[in-house]
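Which chain is which? They are A, B, C, D and E, in the order written, and residues in each are numbered from 1.
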C-alpha cells in the first residue's frame, strides 16, 4: 500500500479531502484516500489493529472515548496521536424568504421539548407556533429538522441548547426534584435525560441523512427550521437565512472567540505505529495542521472550519508525535 | 383395410351450419390451405381425412379461430357460422369458441385436478347453479367420454398424471361438458383402444342428434362409421367433399381413390 | 376388426435381450404395474397391447429407466438387459438409454430446427465424423420415418411448427438416427395416416433384422402385422404373453380374448 | 510477470491437453469416433481438467503460503530491539516488503543491476532517495537490518517463485500425462468430466451456504456483546426505540419491525399488482414490439440508484401527498403532519420494485406452453379467464420467486426509507405517520458518531441477526405456499 | 342439455348474452388494468428521467477562462538549473502570483475596464488552476520562462452565474463571490475570455475536493464501477447459474436441499450493508485484500447479487416442461447434456432477466461499499492496467453520486444529477446487451 488511508467522520471529510487533494498536488506521495462512514465506524476500523490492512488515520467529530481507547489497546493499537483541527460551528437556519429569528436556548427548549413547564407544572408540550414560545416571534408553525440521534451534532444540540433552555426555564430543577436515583449523580443524569427528550408529535423531525436532506426538507416545507453546519450554511446563503443565538451571529470569528456557543471540536487520530511505515503519513499530518492550511486564512477556514486558536500547540505535538495520554 | 360404412349414410342433411368459401391459410410464407370451400351441415358428423400434414388441423382450427393464437398464421376467405362471418371484426372469438368447441390433437389437460379440468368450461360459462349440478355435469361428461370408471375414485388427482389415452378422453370430456353447438375433434381416438374408441364414436353419434361434429381422423373405417359427410384434403387442397358413402365407394377424384385404397399418403 | 397376421409369425426367435421379472411400479400409492415377468427377445418385434390406462407406457418406460425422471415413481423387481441388471447402482442410465431408445407417446420435438432435432442424438453419440456424414444420417433417418419428402425443403424450420403426425414421425426419426439396440415405441403411429403407418411398419420390420423393437399399439391389426411376440396388459397385470399368432388366434386367458374381440376395454 | 508466464504456460498445456487427449482417444479407436465410449471432446476436456485443476490448486495454495513462510523466516533476521513496543513485527515486515519491492522495481527499470541490489549497503547509498526516483516511496530511511532482511526476502521469494513454477508445472504435466494415458476408447471420459462438472456445481451451491455462515458469524459475536450490555427483554419486548448518547437507551426492535412490515406491505401493495398486471399485459396482450421496448424500459426502474428515489420521495411524492392529505390540503383532512410518511416511502419503493415483479413474472408466464392456453381458449374461455385460471397457477413458482425477491428488496432498502419515511420509530396504524425500519437503523447506528463499543452501535448487529431470522421464517412460508399450490404442467 | 336448451333459438355470435357481456367486461377490465400498470411504470420512468435530465444536464458544460501565463523563472526555478526536485519545492501556493499577473495582463490586453483587484479576479478561477499550472511545469520543466496559453476552470459561483443558478440577488450573503465579480464576469464573457463549453473532464475526470466542484469528474469512479461490474458479472452469473442447476436439476429433493433453497432466498433479504460487514470481515480483515479496492467491492456485490440470479434462474429452470428433458434423455443424452443443451437455453430469458435486475441493483448499490472503504474522497488516477483497476483504491459511481449529493456547495448537486445520467447511460448499455441476448432466446412452444 502506497497511500495514506483515512476513514471516519463525514463532518471532517470535506476538510480532510481539501487537505488530501492539496497534499497530493504538492508532494510526491499519492493522494490519501479519505473514506467517510462516521466517526464511530472510522474509529472502529482504526482500532481493528496495526498493519497494512488497517487504516492510518481516523477522523472524528468528537473526542475518542475512554472505552474506545481500551478496545484499541486490546487490539494492539496503543500509541495514538490526537490532532485537533478546529471547530465546527452549528447554526440554525430557515428559508431565505421566511421570517427571521433570533433565538435563545429557552426558545428551543420550549419549542421542542417533550414536556415543558406551564404554571409550575410539567405538562406535555402544548406549543404549536413560535408565537406560543416567544411573543416576539411570528405565529409560524413549529417545524424543526434536527440531526438524528446518530449524529454528533445532536449531542451538541442537546447539551448546549436544549439542556441550557431546560435549566433556564426551571424545568430542570422541577424534574430533578422528582427524579429517581440512588446518588445525586444518578438523579442528575436522569433529569438530564428527561430534559433532552424531544417531542414526538412530528414537530421535531430527526434527520438521519445529511444537511442536504435538511435543506431539501426546508425546500418542501417553508415553515421548517433546520440545524446546519456553518460551512454548509455559508455555501447556501442563497437559500437559507441564519438565526442568531442569544444575539450573536454565527461566523468563524464569533465561534473562534467563543461568543457563539454552539460548536464542537473536530479531530483526527494518527496511528503512531504507522508513521515511518506508511509513506507520507507524518507529512500529511503536519501538512494538515500547517498554518497555511488550517490557519484562519487558509483554505479550510475559507470553507467554513473554525480555526483553532491554539493551532501552534497542535503543530508541535504532531511534530513530536505526542501520544494520547502522555501529554495530559 | 377398409370396412363398408355402417351408419350415417341415410341421415337427412340439415341446412348448413358452417360455410367456408375461398379459405386460404398461410403460416408465414407457407401456404397451408389453398382455396377451400366447404359446408358443414347442422346435426351432421363431418369427417376430414387426408394424409398427415395436408392441413386438416389447420383448417379445423380456422373454424373456431384458434389460429388467432399462432402469430405467423394468416387466414383469408370467408367462414360463416349460421350465416354470420366469424372473421368479422365485431365477432367476439370467445363467444364463437363457446359455440364451436374443440378437442386438440395433442391431449392438453390443465395442470389441475381431473374434476377441475372437466368443470372448467362449465364454471366459466356458468352452466351449473350449485356444486351438485356441477358434480352432475362432471360425472356425465366423464361417463360420455368413457373415462368415469377409471377416474371416479381419483377425481382430485392431477389430470397430467393420467395415461395418454386417459388424457385424451379427459380432453373430450372437458369439451363435451360445455355443450358446444359445433364440436371440432382432432383425432380424438388416436390414443384409444378399440373399446374406448367405440364408446367415443357412440358419443359422437349421440351428439349428432342435436349438434354438428367435425372429426379429423386417419382411420378410414372410423370416418366411414361415424360420419355422414367426408372431406378429403391433400396438400392443402380440399380435393373432394361429399356424402361419406359416395366418397368411399365412388370417389370422383383419383387422388381420393388412391388415398382410400392406400396408394398415396 | 381383426385381420389375420400377415408377417412375423414364422420368424425364428433369438435368445432374450431384455428380461423383466417380478416388476412392480408405483406412482406414489397407485400400484400401476403388478408383478410383470416378460422376456423381450433379440431381433424381434414385441407388441404391448391392452386397454388405455393399463400400464403399457409405464412398463415401457421402465425398460430404459425413463421412470427415473418421475419423482413419485418407484420401480421394484428385476430388469436385465443382456443379462445385466439395469437398475444396478453401477449402471449408467445414459449408456442404457443410448442402447435402449424411446419414442414417446406424445410427440415432444425440441424447440429447435428439424435438422437439429434429428441430428441431436447422432451428435452427442458422435456417430458422424463430419457434416456430410451427419447430413446423410439425418436424411436417412427422416426417410425411414417417411418424413423426408415433406420436410426436405425446410430442414431449418422449427420442429414444433410441424403438424401432429409430422411431429410424431420426427420423433421416430430422432430415435432411429441414434441406432439403438432396442427401440421402445409408444404408439408411434397414432397420428399417422395409413400410408405413413405402413411406412413406419416397414421401418420396424427393417429394424428387426438387427435390433429389438417394442411397440405399444392400440391397433390389433398393427400388432398382428408387425410383431412376433405380443404382451397383453390389463389393469397393471401382464395377462398373457406369447407368440403373436397364438395370442390373436388362440388366447389362453379369457380377458385376452375379450379384449381382442372387442368386449373389454 | 513470471506468474503471468506460468499461467500462460498452464493455459497452453490445457489447450494442448485438450487437443492431444482428443486425438489420442481417436487414435485408440483408429480414427473412428463412433467406437469411443464418449465423444472425443470429453477426452480432451478430461485431459484439460486434469491438467488445470490440480495445478491451479497447488498454485493458489502456494501463493497463499509462500508469503507467510518467507515472512516467518525473514522475520528472524529482524532483531527484537528493532521492534519497539509501539509497533508490531508485521509493520516492520511491511517495510521490508516495500524495500524488497522497491529493489525489484529498480532492477526492472534498469536503474540498478541485480548485483548491486544484492550488495547494497545503507551506509553507502541513500536508498530512500534512489528508490524515490523510480517512484517507490518509503516512509523513512532504510535501516541496515531492514535492507538485509529485504535482500534475503528477495532471494527467498525468487527461490520460492522458482520452486512454485517447477512444482506447478510438474503437477500439471503429471495430470496431463496421466489423463492422456487414460484417453483410450474404453475410458468413460464423459462420466468423469460430468462428475467433475457436477462437483463444480455443488461447489457453487455450497457458496451460498458459506455466505450464510459468514453472515451469521460476522454478526454473532457483536450481537452477543450487545446482549451482554443491554437487556434482551427490552430488545425483544420493549416498545420504544430511543438511542441516546448518554447511554441507557431504550432499544427495542418491535417499533422498527412494525415500520419494516408496514412500509414493505405498502410497497408490495403497489409493486405486486402493478408488476403482475404489467407482466400479464406484456406476455399475453402486448405485441412483440411493445413488449420488446416496454420490458427493458421498466427494467431501468430497478437500476436507478435509490438515492434518486429517495429524493423523488422527499421532493415530489411527499409534498404531493401532504398537499392532498395534510393540513389545509386539497381533501380537507389533516391526516398527514409532514411530507415524510410510511405511505410516501412505500409508494416510491413500490415503483422501484415494479420490474422485480414484472420482468421475472413475464419470463415465467411466457414459458407456459401455448397448448395450455389453447386448451382453455378452445373451451370458450376469455383470455383473462385463461390467464387467471390456467396460466398464472402454472407460473406460480416463478411469480412467488419474483414477489419474494421484491419483498426482500423492500426489507433491505435504506435510502428511500431514510428520505421518504422519516426517522421516527413508533407504533401507529396511520400510513401518514413517519416511521422507520430495521435496515435503516442498522445503517444509521453503524455509521453514527457514538462510541463503537456502546450498545447503541452494537445494536445494529443484533438487529441484523434478528432480521435474518425473521426473513428466514418468511421464506419457509413461501416455500410451503409454492409446494402446496404449484401446478406442474405436462 | 335439457330439452329447453334444445329449443332455444340459435343465438347470433354478435349478440352477447348478459353473462358473456359480464365476462367480456371483465376481460376488458383485466386488459385495461394491464395497460394501466404498464403506463404507471412508464410514466414513473418518464417522470424520473425528466427530473434527472433537467437537473443533471448542466453538469456536462463548464465555464472556462482562457489566458496566457508567463512561467516566470524567478518564481519557479530560482536557481535556474531546471533541477526537478528544486522545482517541485515550489508548492501550488507559489503559483498563485503567476495567475494573478496573467489575469491582470489578460484584462489589460482585452481592454476591459474594472476596479476589481487582481486578488479578487484570481478568486474567480477554480482552485485547481494553480495545480494545473504546476503539473504542466513539472512535466515540462523546459517550458519555464515561456508564456503559454491556459484554459482554467472558472470557480463554481461564476460557473453557476453563467448557468443561471447564481444571480446578483442570491449572493447577497455570500462571502465567496461579490456583485463586482459578476459584473466583471459579464465583461469577460463579452470579451470571449470566459466561455461555457462542453466539459469532457466531467465524464473522464476524477473527484475533486469540496472546494472545487467545478473540477470534479466521475470518470475514475466509472472505471471503479466498471471493474466491479466485471467482477460481479464474471462471478455471480456462472456461480449463480451453476448453483441453480445443481439445486434444480441434480440435487436430491430432501430437507438439505430445502434448507439450501430457503437459505438462498433468505440471503436476498439480507440488507446490503450486512454484506459490507461480511466483506470487511472476510476479504479485508481475514484475506488481507486491499481496502477501497474495486475487487473487494465486486466480491461483496457478487455475494449480494447471487441470490437474485439464483432465484430467477431456478424459477426459469422450473418452468421448462419436463417433456423436453424426457426427449433428450430418451435419445441417450446424459442429464448434464439435457440440461446444458436444452433446458438452459430455454431458461435463458429468465436467467438474463435476473442478471439485468441483479446487476442493476449492484451497479446502484452504495451501502456495502461504505464498510469496505469505497465511499469518501478517493481521487485516484485512471487505472492503466487491469490489476490496477481491480486493486488500487477507487470509488464507484453511486458512491460518488451519493458523496456529491451530500456536499455543501450547490454546484455538486448538479454534478450528482449529472452523475446519475452517466450511471443510467452505463446501466442502459449494460442492459441492452442482455436484452438483445434475451430476445434471441425467447420462444414459445
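Descriptive notes on the structure:
Quick note on the criterion: a contact is a pair of C-beta atoms (placed from the backbone, for glycine too) under 8 Å apart; a residue touches a chain by one contact, two chains touch by 3 or more.
A quick map from chain label to UniProt name: B, C = Phosphate ABC transporter ATP-binding protein, PhoT family; D = Phosphate transport system permease protein; E = Phosphate transport system permease protein PstA.
Just so you know, these numbers come straight off a predicted model, no measurement behind them.
Chains that count as touching both chain B and chain C, per the definition above, are D, E. When every chain is reduced to the mean of its C-alpha atoms, the one closest to the centre of the whole protein set is D. Of all chain pairs, the one joined by the greatest number of contacting C-beta pairs is D-E. Greatest centre-to-centre distance from chain D is found for B, with centres as Cα means. Chain A and chain E, compared by their mean Cα positions, are separated by 31 Å. Distance from the chain D centre to the chain E centre is 18 Å, each centre being the mean of its Cα atoms. The mean-CA centres of chain A and chain B are about 83 angstrom from one another, to the nearest whole unit.
We define each chain's centre as the mean of its Cα atoms; on that basis chain B and chain E are separated by 59 Å.
Listed for chain D are residues 190, 311, 370, 382-383, 385, 446-447, 488-490, each touching two or more other chains. Shared contact sites, meaning residues of chain B that touch two or more other chains, fall at 94-95, 98-99, 106, 124-125.
Along chain A, residues 28, 30, 37, 41, 52, 209 each make contact with two or more other chains. Working note: touching chain pairs come out as A-D, A-E, B-C, B-D, B-E, C-D, C-E, D-E. Those residues of chain E that touch chain C in the shared complex are 253, 322-335, 337, 341-342, 346, 443, 445. Every residue of chain C that touches chain E in the complex is listed here, in rising order: 64, 66, 69, 71, 93-95, 97-99, 101-104, 106, 108-111, 120-121, 124-125, 160, 171, 174-175, 177-178, 180. Residue ranges on chain A touching chain D, taken from their complex, read 2, 9, 28-30, 37-41, 43-44, 47, 50-52, 60-62, 65, 67-68, 71, 76, 78-79, 143, 148-152, 154-155, 158, 189, 192-193, 196-197, 200-203, 205-209, 213, 216-217, 219-221, 272-281, 323. Taken in their complex, chain D has these residues touching chain A: 85-88, 90-92, 94-95, 132, 137-140, 242-246, 248, 311, 314-315, 318-319, 322, 337-340, 418-419, 422-424, 426, 433-434, 440, 444-454, 456-457. By the touch criterion given at the top, residues 81-82, 84, 86, 88, 90-92, 94-96, 98-99, 124-126, 140, 179, 181, 210 of chain B touch chain E in their complex.
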